[in-house]
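Each of the next two complexes has subunit A plus one other chain: subunit B in the first, subunit C in the second.
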Partner chain A sequence: MSNNNEKIKKQPDAVLVPVPAQDGAAVIKHEDPVLKAKMHALKYNRIITRAILYFMLTMGALVVLFPLVWMILTAMKQPGTAFKFAFIPESLSYEGFSKLYTLENFKKVFAEFNFMKYFFNSIIVASLAAVFATTFACMAGYVFAKKNFIYKDLIFYMLVATMMIPGMMYLVPQFVITVKLGWFDTYQGLIIPHLANIFGVFMMRQFMRSIPDSLIEAAKLDGASEWQVFTIIIVPMAMPIIVTLFLLTFLFHWSNFIWQLVITKPGSAILTIPVGLAYFSGPHGSEWELMMAASCFSIIPMAILFLVAQNFFIEGMTKGAVKE
Partner chain B sequence: MSYLFLAPFLTVFLVFLAYPIVYSFFLSFQESGTGYSLNSLEWVGLKNYFNLFTDIEFLWAVLMTFYYALLIMPLGILSSLVLAILLNNKISFKNVFRSAYFLPNILDMLVIGIIWTLIYSKDGVVDKFIKIIFDFFTFDFLGNITNSFFLSVFTLFTQGVFYGLILFFIYKIYSNFPMSRYVKNEKMAHILDILVYGVTFVLIFGSGGLLGGASKVLGSAVNNGVLGTPATCMPAVVFALVVKGAGFGMILFLAAIQNISESVYEAADIDGCNEVQKFFYITLPLVKPIIFFMAVTGIIGALNAFTEIYAMTKGGPIMTVFGKSLGATKLTGYYLFTKWEQSEFGYAAAMSYALLVLTIIISKIQEKVLSPED
Partner chain C sequence: MIRNSNILTLAVGLLLFFFLFGSFFCSKPGGLGDKDILVWVSYGPDEYKLFEKIAKNWSELKGNDYKVHVALIPWMGQESKYRTALIAGAPPDIGRVDTPFVPELAHNNVLTDIKQYLTAEETEKKMNTGEILLEYVKAAIDSCVIKDKNGVEHVYGFPDQTNGACLFYNKDSFKAAGLDPEKPPKTWDEFIEYAKKLTKPDEGLYGFGMDNSLWWSFPFFNTFGTKFLSDDGAKCLLDSKEGVAALQMKVDIYKKYAVEGGAWKSGGQNTETGFINGRYAMILMGPWNLSRFKAARVNFGVALVPEGPAGTSTNVGGTNMVIFRNERRPAAKLRACYDFLRYVTSPDVQAEWASTLRQIPVNLKAYDKFRIDDKEEEQKLKIFMEQMKTAQARPKVLKYAQLETIINPEMESALSGNITVEKALGNAVERINREVLAH
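Coming up: the complex of A and B.
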C-alpha cells in the first residue's frame, strides 16, 4: 500500500507524454497508474457483460431455431433412425457421413408426396390471392384516403367492427356460403372468400393520405381520368407499401391451413402444401424421416422468401400491428 | 365514381365477411336433419343454444381456452420483452439475431407443429431429458449400492442437497413469521407452529403432495410422451407457440424501447436509479401499450387456436373429469372444427355466436383493466 502511495505522490497528475506517431502527429498517452487500473477494471467488466450478452443471445437463437435444425437433421437421417442420438460421424469421410445421413428421404418424398403438384397449387392460390387482395385493398384504400362519398363513415365503421371478430367464427358460415355458391373443391373457393383484407385497406389508406392532393389535381388539369390518376400517380408512389402488402397476403394464403382443409376434398387435385402434408402424415405419421423431409419442402420456400425480403416482412407485420 | 373503385373490395367484404355474420345468426337456429347435408336444414328455434349451455364439453373447451390464454399471454410477453432488451444493446450481428428470432414467425404453423410433435414424442429429445430427471429422482440407491457404489452415493448426496434446500427454505421463511407473534397464548402458538410446519411438509413431501405429483407427471410423460400426458400437453403446446412467436413481440417492444428518449434515462442516472429501477419506472410504463396489444391478441389467438392443436394433439389426450371423458387440449377452435366435421352446422354457428359475445366481453374488460391511457 505504502509503495503504491509513494508512486502516486511521485506522479500526482496524469503525465501526458507526447509520442510521435507514424504520420508525425502528436498522440497523447495517459500514464496514470490508478486511472489505468480503473480503466482496466472497467474494460474487464465490459468484456464479461458482453460475453454474457452474446451467450444469452446465442442461446435464444438456438432455442428459436432448434425446430428447424432438428427438422433438417432428422430429414437427412437413415430410415428408422429418427430417435437415435447419433449426429457426429465416427470418421470425417464420406463413409462416416453416409452411415448416418442420406438424401434418399427427399427423393422418396418427391416420388410419394406429389410435392410438385402441391407446390404448384400453393403458388397459384397464394399468388393469385395476393395479387387480387392487394389490388382490391389498394383501390379501396385510395378511395378512403382521398375521396368523399355517401356512407363513407358507415362503411368504415363496419370495417373496423368486423376486424375485431376472431377468424375462427367465420369457419362455418363462410363454408356454407361457399358450398352453396358451388365453389367447393375449386380454386375460386380457395381464393375468393379471403380476398377482402381489411387490415390491408387501413394500411393503404394510412399511406395514401400522405400523397399530396396537389399532385392529383395537377394530373386532372392535364386531362387524366380517375383511373389514370390511380395507375400513373398513386400506384407508383405507393409501391413500397404495395410490395409489403403483397408479401403479407401471400404469406397469409400460403399458410391458411384451416380454410384449405375444409374447402377441399381429401385426395383432390387442388390440394395445397399444408393440406397435402396433413394428409401425408396419416399413413406416414410414424416415418419421421419422411415427414421431416416433406416438412423441409414446405418450409424452405417461405424461409428463402423471408431471407430475400425480410425488411418488408418485419416492417409490414409490425407497422400494421401498432396502427394509428 | 368512388364506388367503382370500392366495388371489388366491397363485394367480397359484404358476401364473405359481413353477410356470414348475419347468416351465422340464422344458421344457429337451424339443425341439419337426416343425412347431415346442407340441403336438409330445419328450424329448431333456440334448441342449439340450450344444448350449448348444457354441453359440458363446450364449457370445458372454454375453460381450457382460458387456461391456454393465461399460459401464453405472460410467457409470450415476457420472452419477447427479454429478447427486445437483450437486442437493445450495441452489438455486432444485431440484424442476424433479429432475423433469426423473427424467422419462425413467418413459417407455416402446421409444419412447426409437426416438428414439435417429433421433438415431444416418446423417445424424442424432450422425453430423453425427462427420463434422465425421472431416473435420477426414482433411483433406488440402497438396492443399487452393490451394483454401482459411486452412482448410489452420488445420487444419495445430490438428492439430499435438493431436499435439504427445500427444508432449509421452509425453515427460513417460517422462522420470520413465528406464530407467537400473532397468538398471545404460548402453548397455542407452539401447537400452531407444529401444525403449520407439518401441513407444509405433507403438502410438499407427502405421498399425494407436490413432489409426489411432479414425479407422477414425469413418469407419465416418460411412458406416454409429453403430449400424451394431460398435465404437460398444454404447457408443451404453449411453449412451442411462444418459441415461434417471440420474435414478433420482440420487434414491437424493440421499436417502443428505441422510441424512449436517451435523456430520460440520463435524468434517471443523475437521480441515482439503478438498472432495475430504470426498467420498472421508465421502460415498463412506456411499453405498456405493446403489452396491452399483446394481451388482446393473445386472447383472440387462443379463440382462434386450431392449427397447432390439429398438428400436435388433435384435442387429446383424454382425461376424466367428474366422470366425463374430455380432451385436455380441446380448445374452442378445435371443438368448433369437430362439430363442422360432424356436419352439425347449426350447432357450430350457435357456438360461433357464443364465442363472439365472449370475445367482445373479454376485450371490453381488458380495455378497462389494461387501457394504455392511464
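Coming up: the complex of A and C.
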C-alpha cells in the first residue's frame, strides 16, 4: 500500500487527500481519471485474483471432502446398492428418499456387530499406547539429543536402521514372544509390543537438538535436577512434536489391523474396530453399506483429536524436519 | 513443577498397574475340554447364525457326547490368524479355510488326513470304496484331495461351500438390441455375435465386461480344454495349443471384435459396477451377486458359460472345513470332528443351508431337496448347480497366489497387444516351472 502511495504522489496533476479508513489504512481520494482507472483496475485485479483463489480452494475442499461425503451417502444406501450411481432421489418425497436411502445400516452396526465394544476397546488401546509410546520416545529422544555416552551415535543409527525392516517381518517373532509372556488375548498383548517407537525417538531427537544447550546449562546453574530440566525445559518446548507423535501413534493403533487380529481370540471381549470392520468383508466383496456406516463413527475420535491439536500438529510436522 | 511430577508419577503408576493387573480386564484363553470341539469360521452374519444352529443341533443329537463351539474370525487376514495360531500351538479343532490355502497347510503337515474315517464309514455302511467322495460336487471335493511327494492321495476335510462363475446377461439390453432375452448365447461363436449387437461405444455400452485374473480366466481355459498341470504336477501346460486358443479368444473379444468395455484395465469400471449400471450387457459372475443385482433392480438372466471345443465349464471357488492335527486329541474326539463335518455336509443340512442362504449345496444329493420361495431365483441357482457339474478345480500348488502374480501381467500384456499370446503364455509357463513347481 505504501509503495502505491509513493507512486501516486509522483503524479504531477493529482490532488491527493489521505483519509483515514475504518480499518486504519490510508485511503487516497482523488479526482484524476487516469488514477481512478488504475485504481479500478487494481481493485478489479484483486477481485479476480481472490475469485480464482477461492475457486481453487473450493475445488480443493471438494476433492478432500468428496470421499467423506461418499462414505456418508454409501452408509445410508439401501443394502446391495453401494455401486449403483444413484444419489439423487427420483422425487423429493419420503418414498423417493427411502427408495435410495435408509438409516437401517447404522442401527444394524450397533445392534448386530457389537460396535460400541470395539469402539471402547480401540479407545483404550490407542490412547494408552499413544501416551506410553510418546513418553518413552520423548525420554529416549532427549538422551540421544542432549546426553553424551559411549557409542551414542552408533546406537542411534543402529536403532534408526531397524526402520528399514518391513513391519510384517516382526509379526511372527513378536507374536511368539507375546504369547510366551502370557499376553495372548490381553490388553498388554495389544499395546506393549508396539511401545518402542523408533520413528518417534528419531523425531524427538531431531527436534530436541534444536533446543539451545544454553537453556539447559542456565537451568542447571539455577540448581535444577536432571528430571527438572527434562520436565520444565525440554517437555514444554517440545510440546508441538510431542502432540504430533501422540497423534501419529494414536492413528497407528487406531487402524492397526493385522496385529490386533492375530493377538486376540475369535469372539474375544477385547476386539477392536479394525478387526470389527473386517467382519464386513467376505471372500466375494464387502458389505460396503455397513462398513461405511461403521466407518462414519470410527473416524470421530480421530477427527476430534486432529481438530483440537491441529495447530500443534502442523507446527510439529514442520519443526521436526528442521535442524538447528 | 509439582504438577508435572504428579502427572508423571500417575503415568508410571498406571503403567505398572496395567502390567500387573491388565489381564483381569480381558477374557481368559482355554476353557475347552476333551468333549468340546472348537470350530473357527469366517462366515457372514446370516451364515454364522445358521451354522451355530447346525452346530447346536449336532451337539444335541442322541448319543452324542461332544459339543461344538463356533468362533467367528474375519475373512480378511484369516491366513495370518491360522498361521499364528499354529505357531502358538493353539489351532482350533476344525477351521474353515479358503481352498488354495489347503495345499500349504497340507505341505506343512498340520492337517489330519480323514481317509481312515472315510474307509471306516464306508465299511460300517457297506458302501464301495470312494463312494462317500462321490456324494460331493467333484470340483469341490477335489480341492480337499492332495497328493504327497510319493503320489499318495490324502483327503483333508470336506468342502463347506462351493461356487463358480456363470454368464450373467442384462435382459433389458438384450431387448434393446433386438435379441431374445430368454435365449442367451450357448457357444463362444454365438456369444461374439450377441456381443457385437449389444456393443454401442458411442453410448458407452459394451457387450461384455471381462476380468483378467487367472481365476476369472479359467472359464475360458476350461471350455477350450486346457490342462494346467501335467499328471505328476511337475510341469505347467498352459502354453499348449488349447491354452493359446483360450487366451486368443480373450484377446480377440477385446481387440478384434472390440466388444469388451475395458473392465480388465486398471482404472476401468469393474464388471459388477458396470453390470449394475448397464455398461456391460454380459459378464461372468458368481452366485454371491444374485441378491446384490436383484437389490439394485437389474433385470438380468443367468446362463451356462458358453461352450468352447471342450463344452461348457467354469472355475471353482469356495471353502473347505479341515481338521487340524493335534497329537493330544483323543481318537474318539477326532472321529467326532469327522462326524460333525459329515453332518454339516449331509444332504438334509446342505439343502437347508443352500435354501436358506441361496447357495450351491456341496452335496449332490441335496440338489433335489433345494427349494426357495422365489422361483426365479431358484431357477438361476439351479443353473449354477448345473454349471458346477462340469467345473474344474484350481491347480493344487503350494502357492496359488504366486500363479496369479505371474500369469496376470502376462495376460495383460497380451490383451494390450504388447506381446503375442504365445509369448505371454510361454513367459508365464517358464516362470511357473522355475518359481512355483521346481520346489
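Details
Everything below uses one rule, namely that the second predicted complex is superposed on the first by the 202 of 324 C-alpha atoms of A that agree within 3 Å, B and C clash if a C-alpha of one lies under 4 Å from a C-alpha of the other, contacts with A are read in each partner's own complex, and residues count from 1 in each chain.
Just so it is clear, a contact is a pair of C-beta atoms (placed from the backbone, for glycine too) under 8 Å apart; a residue touches a chain by one contact, two chains touch by 3 or more.
Bear in mind the structure is a predicted one, so any value in this text is a computation, not a measurement.
Looking at the shared chain after the overlay, A:Phe83 reaches both subunit B and subunit C. In the superposed model, A:Gly167 lies in contact with subunit B only, and not with subunit C. In the superposed pair of complexes, A:Val201 makes contact with subunit B only, with no contact to subunit C.
When both complexes are overlaid on chain A, the residue A:Gln188 reaches subunit C alone and has no touch with subunit B. When the two complexes are overlaid on their common chain A, residue A:Val179 makes contact with subunit B and with subunit C alike. In the superposed three-chain model, the partner touching more residues of subunit A is B, compared with the other of subunit B and subunit C.
In the superposed pair of complexes, A:Leu307 makes contact with subunit B only, with no contact to subunit C. In the superposition on chain A, A:Leu103 makes contact with neither subunit B nor subunit C.
Look at A:Met139: by the touch rule set out above, it reaches subunit B but stays clear of subunit C.
By the touch criterion defined above, A:Tyr279 lies against subunit C but remains apart from subunit B after alignment on the C-alpha atoms of chain A. Across the two superposed structures, the residue set of subunit A contacted by subunit B and also by subunit C is 83, 85, 132, 135, 171-172, 175-176, 179, 192, 257-258, 262, 278, 281. Those residues of subunit B whose C-beta lies close enough to touch subunit A in the complex are 1-3, 5-6, 8-10, 12-13, 15-21, 23-24, 27, 38, 82-83, 86-87, 89, 91, 97-112, 114-116, 118-119, 121, 123-125, 128, 240, 243, 246-248, 251-252, 255, 289-290, 293, 297, 300, 303-304, 306-307, 310-311, 332-333, 336-337, 340, 345, 348-349, 352-353, 355-356, 359-360, 363.
Only residues 1, 4-5, 8, 11, 14-15, 18-19, 22-23, 25-29, 40, 42, 44-45, 71-77, 80-81, 83-84, 87-88, 98, 272-273, 276-277, 286, 288-289, 291-296, 317, 319 of subunit C touch subunit A when the two sit together in their complex. Those residues of subunit A lying in contact with subunit C across their complex are 78-81, 83-85, 112, 128, 131-132, 135, 171-172, 175-176, 179, 182-188, 191-192, 227-228, 231-232, 235, 257-258, 261-262, 265-270, 275, 278-279, 281-285, 287. Listed in rising order, the residues of subunit A touching subunit B in the complex are 53-54, 56-57, 60-61, 63-68, 70-71, 74, 82-83, 85, 132, 135-137, 139-140, 142-143, 147-149, 155, 158-159, 162, 164-180, 192-196, 198, 201, 226, 230, 251, 254-255, 257-258, 262, 273-274, 277-278, 281, 288, 291-292, 295, 298-299, 302-303, 306-307, 310, 313-314, 317-318, 321-322.
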